[in-house]
Amino acid sequence: MLDQVVCLAAVTIMGVLEQAYFSLQVIYARRKFSVSPPCTSGPSQFDRVFRAQVNCSEYFPIFIATLWTSGVFFNQGVSSVCGVLYLYARLRYFKGYSQSPQQRLTPLYFSARILWLLIALSCVGIFLCFWRVYVDVNLLQLLST
Amino acid sequence: MLDQVVCLAAVTIMGVLEQAYFSLQVIYARRKFSVSPPCTSGPSQFDRVFRAQVNCSEYFPIFIATLWTSGVFFNQGVSSVCGVLYLYARLRYFKGYSQSPQQRLTPLYFSARILWLLIALSCVGIFLCFWRVYVDVNLLQLLST
Amino acid sequence: MLDQVVCLAAVTIMGVLEQAYFSLQVIYARRKFSVSPPCTSGPSQFDRVFRAQVNCSEYFPIFIATLWTSGVFFNQGVSSVCGVLYLYARLRYFKGYSQSPQQRLTPLYFSARILWLLIALSCVGIFLCFWRVYVDVNLLQLLST
């Protein structure tokens, strides 16, 4: 049974490692610009790195929830590929935002599109599961015959 | 087996969509009050919308964790109904907070009560499971005989 | 099957209760130092309590994700023990940070080390599962013979 979620687990750990990387960048930025905790604002270059990390942290649980829902109810392979693309978009977002607010936009829109795709796949998977469970009709099988 | 969690998955995606809605409201508020990233404070009307979204984001993983634990270990139906009530309370919290800090309180207390209920149901479910697994006693069956 | 995750569920609910405790501390600090929402800064004693709670919230989903991945793919018992240690470290972190930024460091480093351990265990578990599923080789059995 674990074989049906092992790719999702691998993408999850990749996501955790990415978050760890972002956290380390904030620590380096704190040292570089002398912004000591509990303070959270400083020169705009620090603010951008800090906000990039906060934004990625905020979306992390949403990403994990949609990754697993679409992976379990729709398809593990498709969801895992989307997951890797999302993490790549977030990396580019973080690096872009560190440069300027403008440069965060392209990867941000791309990551949002992937999240919407994961949400759509989840909805399809849940919808098909509801029909199987509560109406006892396998819609996919019905369509293919 | 998916039939035992499909309602939890549906509530999870509803929660994700609600978070997406809150995020969009912050984007609109940023435009309306000209608060450009990485800045996070402005007129108090913007601050309220921003803080409402941050607070909902903060509680999202806690909500998902208790929703699934109580749904898997106690009862899917009861937990899903609690989940929908929680999401409705959060929507009213967000709209209330956008008006004034005072108006956020009633739905906030209501959402907190639902979270405590989900925590209590989780504890009951985990407790019964521990007895079944480690003491080999089905307490529910014992009580009903 | 629930017996394979019941300890992880118990640690998860302990984590949720800890987050609830931290949230209550922020509410008490808001009253004590008269910092009304949506405001999030005040005297440095308030800022420290507030930031301690935000930091713990930020790491909560990462902790839950690694706890469950290592618990399901590596070993439930080992992961649960790590989980309890992590939560204890976070409690000491919160109390330390409430005193001074300096006193947060020792428990923070300890909690980070446990997170890295959970990530490492997850990687080992996922790696072994990949070999079983896609190469059809049980590495553990191979090593023991």
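Order of writing sets the labels: A, B and C. Residues in every chain begin at 1.
The criterion applied here is as follows: a residue touches a chain if its C-beta (ideal position, glycine included) is under 8 Å from a C-beta of that chain, and two chains touch if they have at least 3 such contacts.
Everything quoted here is computed from the prediction, not taken from an experiment.
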item	value
Contact graph of the chains (line, ring, star, complete, other)	complete
Turning angle required so that chain A lies on chain B, C-alpha fit (0 to 180°, nearest 5)	120
Interchain centroid distance [CA atoms averaged], chain A/chain C, Å	19
Chain C: positions in contact with at least two other chains	61
Chain C partner contacts - residues on chain A that touch it in the complex	2-3, 6, 9-10, 12-13, 15-17, 19-20, 36-40, 54, 57, 60-61, 64
Chain A residues within the chain B interface of the complex	44, 47-48, 50-52, 58, 61-62, 65-66, 69, 72-73, 97, 101, 104, 115, 119, 122-123, 126, 129-130, 132-133
